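One chain, subunit A, appears in both complexes that follow, with subunit B as partner in the first and subunit C in the second.
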Partner chain A sequence: MALNVTKSVWKNVLLSRHGCALTLERSISTTPACNKISTGRYKPLEGRYQVLTYDQAIKPHELVHMKSWNTWNTSTLKGGRRSQLTTIEDMFIRRFIHGAWFCNTVGEQIIIKRQHNIIRIAFCVPKTVSPQNCYFITGFCEEMLSIWLHCPVKLEIQTTEPHEGYAKVINPQGLN
Partner chain B sequence: MSLLSVSRNSVKGLGGFKPIGAHLTLNYAVRLSAQAGADAPEFGDSSDEFRQLVIKPPRFVESKKTKKAGLHMVMSKDYKRADKIDPANVDWKSVWPGPRTFDPNSIPIPVRQGRLKPKARSFGKHANMELMKIPTFFHLTPPAIEAHCKELQRFCTPFPKELDTKAKCEQHFPLTVITNDYLHSSPTIRDPQARIVTVKLKVKDIPLDNHARDKFMRLVRDQYDEKTGTLTIVTDRCPLRKQNYDYAQYLLTALFFESWKVETWESEKTLEDMEVYEWDKNVSSKALASILKWTPDKLGKSVFHEPLKSEELKPEHLAYGAAVKEVVEGESKNGLDQYKTAAIRLLI
Partner chain C sequence: MSFLSTATKTYRASNFHFPHQWRTMTSQVDINIPSRIPRGPTDILKALEKTVSYDPTGPSYRYFDDPHLVPYQERQARMFTLAKNAGRKAARWVRDEHPELFTQVISDPPVMSYMPSAPINAETVNENMLYQKICDTKVTDAIKVYETMQENNLAVADDIKLALLELLCFYNCEDPIPMENEADRFFGQRAVRKDLYINSWKNHPLVQTLFNDLQHLGSAPYCALICGMFNAGAKAEGDRLLAEAKEKKIKLDVNVYNSTITRLISVYEKPEIKLEMIYEILREMNAAAIKPNLSTLNAVIDTISRILFPEKFSVIIKTVAEFERLGIKPSLGTYAYIARGCLGRTKPTANLKPFLTTVLNSLRGQSLEPQHAADAAFFDWMMKGCVVCESLPLATECLQLFLHARNRKLSDGYKTSTFFNNFFHVLSLQGDYKDMVKYYRLLVPHAHTVNAMFYKVLFEACDANAAISDFPGYWRDYMGTGAFHEETISTMLEVAVNLTGLPDPEVQKIRPVIGSLASNFILFKIEYEKDRVFERVPLSSDMCNNILILLARGHQWRSLQTGLKFMSDKVMLPQENTITQIVDSCNDHNNPNMAVWVLKYCHSTFENKLQLKPVVATLMKSDFLNDDMKKDLKETFNDDYSSSSSSGSSESDSSDSSDSDSDSSDSEEIAVPRKKKPEVPKPDIVQIIKDKAI
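The block that comes next holds the complex of A and B.
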């Protein structure tokens, strides 16, 4: 793409230098393409460090090569059923867990695995959450979600040290 | 993924987490070292040397201590529980009874997954989300499977010894019913495809005579496979499997009795209506009978006899009939030769 753009620009220059009308032989866009891909990419921030989990540190196009999906189910396989419902349910589960755990999930990464009619939700929680709270919220989430989703829900939590679970530190702008 | 994630701000969710050892010192002022306070940071010069004028000091000043801090502080501190498990003596079935997400505190083996740089060491098992994603089979160790099978054995009966060969199985159980069950990872166990019932049957196992067989073939049409001689009935019009199965049974029954029925109008079928050449009903067999039982009438001409009965037919007569049929259906050199030899054998 870059090569094409430079060629056409060069052609423009040539044409204008010879005083000809600015007509191109092929009708392609001479404006450089704005490949503004920003999803899942973390840039250095102004004035502060940024810590990324392994999942965040790997770019979206490296999915399957370097990391695997956060959602595991059979709805998108050939002949799979209720893919739309599953997606919406997953969105709901993610939001609910995020809120119920007071934003305490490590890297906001929530894994949802569906086995038959069981939904397994796995994520990491730092040990700053007290055990009493932890047990209560686990039971609360399982109960509420299984009522709403009409199937058994299991929360499989891994507790981590407060700063554990991060794989990469991005320095602030200007500091390498 | 970004659609499903709650928010893109990563540091927000840490619960008051501050980056480790990032001592930031911001200094925008152009300052002379002579006027600097006693606690102000110094940039690479000691007080003994000539003072420098720093027009634009670097925005971030980090001590050597901070630089080395980095990642090792976010690593795990102590996890002793998994190390205490002795794999040789522990009853693994009770440690990991069923399928569940990977738990580093219960797995006494070193597991690693995921690396960011090509030659870097991959990450350990603690707080490793990649390991939590994949399905594990720690509950399916050989002793666990053995124990499961031993429990299930009580509910099983041995396979009958009499049905030791496939031929015997086919003889005693000629009907094959095929249904499919579907398992999805969803709260419902229903699948519309599960209603389809396929019934297979070898046509030679159905008692049919020539007429009934002909009619049967006309009724089943392309559901009969000539290569294997199998009749396949697929029923999927009813919403339930039971209904479809019953419908298939009904179809088989109806086919059988319908093919044995002889309607009154079937006797009106003449030789011209026949699809296949049948020698014993045709003129050729009558001619043969007339030659074999030659009797003159009053005028001395030969009497036209009815075809020979099946018990009177000899092998050479049948061979002649087969040769005639072959010639009638499609004339070929080989067929004509056969006809010649059959005719000679018949007459001489």
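The block that comes next holds the complex of A and C.
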């Protein structure tokens, strides 16, 4: 237990750049779970490889440095409106796109950009989908989402090889 | 800072010297505040759009900017656009089938076009709804609403009834393609105008009921019905109704007269009588004090241009001049009709070329605005005129006008395709190689897919101009179009053989490229016909010979073997000349094993049909083959080449690439005739019975 606490603290110290997070003096903590920063970090698993998408491969603290956000809107700025609605709509859009494209979104990351009253949705599709199918589903998605969200929706698709959606492979434990 | 202040001082001082000029200038300036121009919400977008010119070298913006999703043929472009449109239609269908899923209204003010339409039943129908459906040109819905209202004994005002009758007559009781459905309007089948000779009048019972109800209104219902009947080709019914209206002395409007003139197209009479009939209608209009409009002019010119008589052009010009005196200027459609009239059946009239020149010169650099439905045919008929005149300068002028601003939007997909086809036809007849390449690079593949005949001319031009480096590109483009025309492919292969045989240093570079293209071609031919019965890639014996030469020159040895096997399968015979050239190429590329293989294979497969001995004799005399190979050949051909075998064979290079070894082993497999089926020993039934008994 003690070892775990020390480990997590050390990690914090290493991660924080300007020492604004925890310091060694305040290392004794009764709530280790709170200090444990494990969300969005993928550890090596026992006995099997782990293939991470581009989204997963980048850790949360690297977010703005190495990768941009998946959602772009102004609802969370000061004076921004309908932030809750936007979030729920984004979740809905992601699930709808994932289903309408028959789980064919490479890397499972969908970027949603809102500009004025237009919603632009960008993602990658594997080249195994024929262009004609691609255009049919595009037309269907755009119109369906327009009908639901009451604004013009545009899909921006790029085709990639299926393996290009994966950015990083984590070896199993002890196999580095 | 100090510099700035001194500069200002200097400026002030310099102006201070001329105060008298100030006074005079201010008194002379006459400021006119321009009157306010009313702007719409999309005017800025339109102004911005004008700054971007049309680029025919790239795909349209409606497609994704991705090499996998960009169309490279017209057929693909049409398919992708219609596929996207079908997806949209499917979504709308889901919305209309399940309106309960789309009840939320999150737009303010509500956007009605995103919402499902209200259900049509006894509770919801009313006059407003009917009027709204008529305004939205939803014909089927309007009929349904009216019938539901009738069932529920709801009264409908006469003006709305009249609007409904006009709607039904104008669209012939069919739903039109909505304006926002651009894909269907551009690429769809229904965009083609219906034939006037065919009666497509629906004769919906509601039309007659409405007409009977509204007869007391007089002119309007008659006008609507007569126009509808004539436009849909119901000539007999229309004539009857027209006679009835005249008998009752009902005043008819200009649209009825226009459609009556158009109706004359399908009257079989002598030219003089037909002309007289047109004049008669115009005189009637004059007597009834009805002012003609642009549609009248277009209807008259349309009808006259279809009549065959010698002084047609002068009559047309006089008519146009007379209309112009009335203040009606001819539109683009009028020009199109005049051009069509001048085409002639066998040869164009002498007036066609000056007419086209005048029209195209007067319209040069203008952005054209459609004024009449006939304007859609403008570019089509203009280019057809250029084809008949066989004039490249005129065709180029027409193309420039077409590509200028948004002028190309006048034509739909089918007409655009015809336009470009005609242009490339003129180009292939009149243009030199430089012109062809210029317009080919500009328009192919995104603006237009060129047909096989143009490629034939282009390949011939390549041959004549020795365009060695450009040729593989054209080959690739042509195979991409999927139009496998026998003559064109034959020409292409001949030209390829000619070009790769030229004594030019550049030829060495393109030989492997063309070799790989030829290899792809023959493999494609074999693969393509595996699962297709009716579609064939034409490949005659001569073409095969040419391909073999190309493969040998591009050192595609594996494909060369495939080609020879293919020829033997299809009972085609290689020529001696081809074999000689292949052996020469083997010599050039230092591959003696292949030469031996080819000779042995041809000997075993084609046996006595080919005279290979001269080739073999030449080969035996040279130092190309080593002793073993010569011996091998000698055994195969059973002849004495002792004179040549002694000459310096020890110098020949025996070491060769590994693939040639595998080739020789391959050859033995091929040389062996097909294996017979192993004989299955017949079971000796008597013995079996005996065994069983034991």
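Keep in mind that, in the parts below, the second predicted complex is superposed on the first by the 131 of 176 C-alpha atoms of A that agree within 3 Å, B and C clash if a C-alpha of one lies under 4 Å from a C-alpha of the other, contacts with A are read in each partner's own complex, and residues count from 1 in each chain.
Keep this in mind: a contact is a pair of C-beta atoms (placed from the backbone, for glycine too) under 8 Å apart; a residue touches a chain by one contact, two chains touch by 3 or more.
Worth saying up front: this structure is predicted, and the values here are computed from it rather than measured.
S.K.: Just checking: does A:Arg81 make contact with subunit B only, subunit C only, both, or neither of them? Give me first, second, both or neither.
M.R.: The answer is first: A:Arg81 touches subunit B but not subunit C.
S.K.: In the superposed arrangement, does A:Gln132 touch subunit B (first), subunit C (second), both or neither?
M.R.: second
S.K.: Which of the two partners, first being subunit B and second being subunit C, lies in contact with A:Glu156: first, second, both, or neither?
M.R.: both
S.K.: Touching A:Glu142, do we find subunit B (first), subunit C (second), both, or neither?
M.R.: So A:Glu142 only meets subunit C here.
S.K.: Look at A:Met66 in the shared chain and tell me whether it touches subunit B only, subunit C only, both, or neither; answer first, second, both or neither.
M.R.: A:Met66: touches subunit B, not subunit C.
S.K.: More residues of subunit A are touched by which chain, subunit B or subunit C?
M.R.: It is B that touches the greater number of subunit A residues.
S.K.: After superposition on the shared chain, which partner residues are touched by A:Glu46: those of subunit B (first), subunit C (second), both, or neither?
M.R.: In the superposed model, A:Glu46 contacts neither subunit B nor subunit C.
S.K.: Would you please give the residues of subunit A that touch subunit B in one complex and also touch subunit C in the other complex?
M.R.: 85, 149-151, 156, 158
S.K.: Which bits of subunit A are touching subunit B when the two form their complex?
M.R.: Going through subunit A, the ones touching subunit B are 39-40, 42, 47-58, 60, 63, 66-75, 79-82, 85-87, 90-91, 94-95, 98, 102-109, 111, 113-117, 120, 122-124, 126, 128, 149-151, 154, 156, 158, 160-169, 172, 174-175.
S.K.: Contact residues on subunit A for subunit C in the complex?
M.R.: So the residues of subunit A touching subunit C come out as 85, 127, 131-144, 146-151, 156-159.
S.K.: Would you tell me which residues of subunit B are touching subunit A in their complex?
M.R.: Against subunit A, the touching part of subunit B is residues 1-7, 10-15, 17, 19-20, 22, 24, 59-60, 62, 70-71, 73-77, 99-101, 103-105, 114, 116, 123, 126-130, 132-135, 182-189, 191, 193.
S.K.: Where on subunit C is subunit A touching in the complex?
M.R.: 64, 66-69, 71, 76, 79-81, 83-92, 94-95, 102, 104-107, 110-111, 114-115
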